[in-house]
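Some structures to go through are shown next.
Presented sequentially are two complexes of chain A, the first with chain B as partner and the second with chain C.
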Partner chain A sequence: MLDVRGLKKVYEGSGRRVEAVRDLTFTVGAGELVCLVGPSGCGKTTLLKCVGGLLTPTGGEVLLEGRKVSGPPPGMAFVFQEYGRSLFPWMRVGENVELPLRQKDLGKARRRELVRDALESVGLADAVGAYPWQLSGGMQQRVAIARALAYEPRVLLMDEPFAAVDAQTRADLEDLVRGLWRERGITILFVTHDIDEAVYLGERVIVLSASPTVVREQLKVDLPVERDQLHTRVDPRFAELRTHVYEQIQAAKKGVVAS
Partner chain B sequence: MRRPLLRLVFAVALPALLVTVWWVASAGSTDVYWPPLRTILEAFPDVWTAERLRGDVLPSVLRLAGGYALAAVVGVALGTVIGSYRRVRAVCEPVLEFLRAVPPPVLVPVIMLFAGIGDTMKVTVIAAGCVWPVLLNTVEGVRAVDPVMAETARSYGITGVARLRKLVLRSASPQIFAGLRQALSIGIILMVISEMFAASNGLGFTIVQFQRGFAIPDMWTGILVLGLLGFLLSVVFQWVERRVLGWYHGLRASARRSP
Partner chain C sequence: MRGVNAALGAAGLAAFLALGEAVPRLGLVEEAYFPPTSRIAEALADETADSAFWTALGDTLTGWALGLAIASCAGIVVGVLISVVPYLRAVTASTIEFLRPIPSVALIPLAVLLYGTELRSVLLLVVYASFWQVLIQVLYGVQDVDPVADETARSYGLGAWARIRHVLWPTALPYVMTGVRLAAAVALILAITSELVIGAPGLGRRIGVAQASQAVPELYALIVVTGLLGLLINVGARTVERRALAWHQSVRGEVAV
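Let's turn to the complex of A and B:
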């Protein structure tokens, strides 16, 4: 579904050369939910923007269903961390969700249907007529997720989407994402710095090294598909996986100091 | 019910006080140039008949409307182009700074040379003065489009005209309105000045005529009409602004509530 091959990104500017991503290769299968986790500042956002076609990589390539990504492809939707700056404050919730659909060749009735369906899926059917700034942070991020869903992407890219919401809202949103993933069978690539979140959400966790980034380890999460905040998080297997990822990330951080 | 009443009292209190002071201070005045307010108000209905409103106020207002509309369209269009492209901005900035620094009233004799002394000249003068605040504010507004919103638009394939209409102009609209507000008061000033130079009708022309004919109370009524016109236009402007920028005021109010 999604192939990342030898991805490399170097920022150059004002005499400074920063190698953010060195050499990344991984694949995401159709219908998979993969979490990317790495130490802070390891170029996760850069990586995701390259995958989404928002940044041009310095080397390597990204393939979506075999086709090279050279700009934002119509089959991908992005959910940003800064929900407050990603929704347009001059549009009501319904218009925000509908806006990307206007670029597609869809009839008005179909657009309406997609908007309603997407907002229902995130539990915000009543908020169609509200402005984003009238909603809480968690609700705004739900709207951003609904906008992505209505776009009917084959791949959903999520860039630390819950980093700015409180812990309880975050737990709800995590369950929402897992629920949507199971219901709709979309492929999700989820970037986070939160180890627990990565293990709880992902079917597979890709641990990244510190910047310049390479893949440090890929880990299959062999927890049951049915997960919930209460039981999954006290599962001994969850604790093992979490500890393992934690160790890997600690080692990744030390690796930087050593080199 | 008490709240709106209180607001009305606050709004009316100071004007009422000023009028009273004027009334009392000028009550016994025998100075020809400084007639009692009573005399001025008595002259008012005789001077500003329906015919005069049609013959002098209407032409003035139409010139103002024409020049202002022209300035708004040109200012927003050019400002959007200049604000969108860094190269264009680098080329235009010094020229803009120079042109902005030229006081608009000195343009009247110059424009008279090219555009004659008819309505074209007056509309051109008003437009030439009003365009700068609109243009410069649009440039700033367009430049300040939030990068996250811009990326959101790009990732969802919102480009070209849709991007301009749904993102750039909407996001710049608070700045554009700030420019339009400044332009409105400049426009009224230029309307009067252009009519003082060469005209056969209009508010500015009429006031100068009264002054030259030593019809001093009539001249004062003309100044009152100008003040009232300015007030009325500003009320209309505020009404339009509240409609168009409702989202912006709401957003700011919600940001103040939860910093």
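Let's turn to the complex of A and C:
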């Protein structure tokens, strides 16, 4: 589904050369929910923007369904961390969700239907006429998720989407994402710096090294598909996995080479 | 609080008008050059009864509105183009900085040479003065586009035109509004000035005629009219601004969530 091969990104500017991503290779299968986790500042966002076609990699390539990504591909949607800046304050919630659909060749009735359906999925059906800034942070991020859903992407890229919301809202949103993933069978690549979140959400966790970034470890999360905040988080297996990822990240920070 | 402020404002204006009445009557200033308020009001009433006054007002407003419209459209189009086309901003920056400070009135002889006392003379001066007001604001406004908003638009496959329409334009709109409001005030100044100096038809020329014929109260009455015009234009521009920018932080205020 999604192939990342030898991805490399070097930023050059004002006499400084920063190698953000050195050499990344991984794949995400169709319908998989994969979490990318790594120490802060390890180029996770850079990586995701390269995958989403928002940045041109310095080397290597990204393939979506066998086709090289050279710009934002139509089958992909992006959810940003900064929901407040990603939603347009001059548009109502419904218009925000509908805007990307206007670029597609869809009838007005179909667009309406998609908008309604997407907002219902995130539990905000009655916010269609509100402005984003009239909603709480968690609700705004739900709108951003609804906008991505309405776009009917095959791959959903999420860049630390819950980093800026409070803990309770965050738990709700995590369950929402898992629910939507199961319901709709979308392929999700979810970037986070939160180890618990990565293990709780993902079917697979890819641990990245410190910058310049390479893949340090890939870990299958063998927790049951049915997860909930109460029981999953106290499951001994959950504790084992999160400890393991935690150790990997600590080692990555110290620059120890993975065994 | 609003009612109190309005009452205080009205009281202040009344006091000012009363002062204007009392000072000449008490002989503190020469009445021939500073007629009392009541004389000015009388002259104003006479003016409004004269159809030539209304024609002059219409001429001034035509020059103002046409000039402002041309300057605003040109300022917006040029501003967006300069910002969107790579390198164009750097190429034009120094030229803009050179042309912008030239006072429009310095172009009066040129306008007369080109167009004589026609409306086009007035338009040349009005457009030149107001164009920069709009252009500079548009250039600032476009720079204010949030990179996250722009990346969002790009990630959803919005093309260049759709991004200008849905991201760049709404972001720049508050600046455009400010630019147009400033330009509206400048345009009025230039419209009156050019009529006065060049003799193009309008309130400015009427003020010149009043001066030449020593009709001092009429002179004041016409000045009051130009002041009222300026006031109305500013109020109108602010109303439009508030309506168009209801979503903007400066208008919507704090929202409880």
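The definition used in the following text is that the second predicted complex is superposed on the first by the 255 of 259 C-alpha atoms of A that agree within 3 Å, B and C clash if a C-alpha of one lies under 4 Å from a C-alpha of the other, contacts with A are read in each partner's own complex, and residues count from 1 in each chain.
Please note the rule applied: a contact is a pair of C-beta atoms (placed from the backbone, for glycine too) under 8 Å apart; a residue touches a chain by one contact, two chains touch by 3 or more.
Model, not experiment: these values are computed from the prediction.
Taken together in the superposed arrangement on chain A, chain B and chain C clash.
In the superposition on chain A, A:Gly31 contacts neither chain B nor chain C. Judged by the touch definition given at the top, the superposed model places A:Ala77 against both chain B and chain C. After overlaying the two complexes on the shared chain, residue contacts for A:Leu54 are found with chain B and with chain C alike. Across the superposed pair, chain B and chain C both touch chain A at residues 49, 52-54, 72, 74, 76-78, 80, 82, 85-86, 88-91, 99-100, 102-103, 131, 133-134, 147, 151.
Looking at the complex, you find that chain A touches chain C at residues 49, 52-54, 72, 74, 76-78, 80, 82, 85-86, 88-91, 99-100, 102-103, 131, 133-136, 147, 151.
The residues of chain A lying in touch with chain B in their complex are 49, 52-54, 72, 74, 76-78, 80, 82, 85-86, 88-91, 99-100, 102-103, 131, 133-134, 147, 151. For chain C in complex with chain A, the residues that touch the partner chain are 146, 148-149, 151-152, 154-159, 162, 166-167, 170, 173, 247-249, 252, 255, 257.
Residue ranges on chain B touching chain A, taken from their complex, read 146, 148-149, 151-152, 154-158, 162, 166-167, 170-171, 173, 247-248, 250-251, 254-255.
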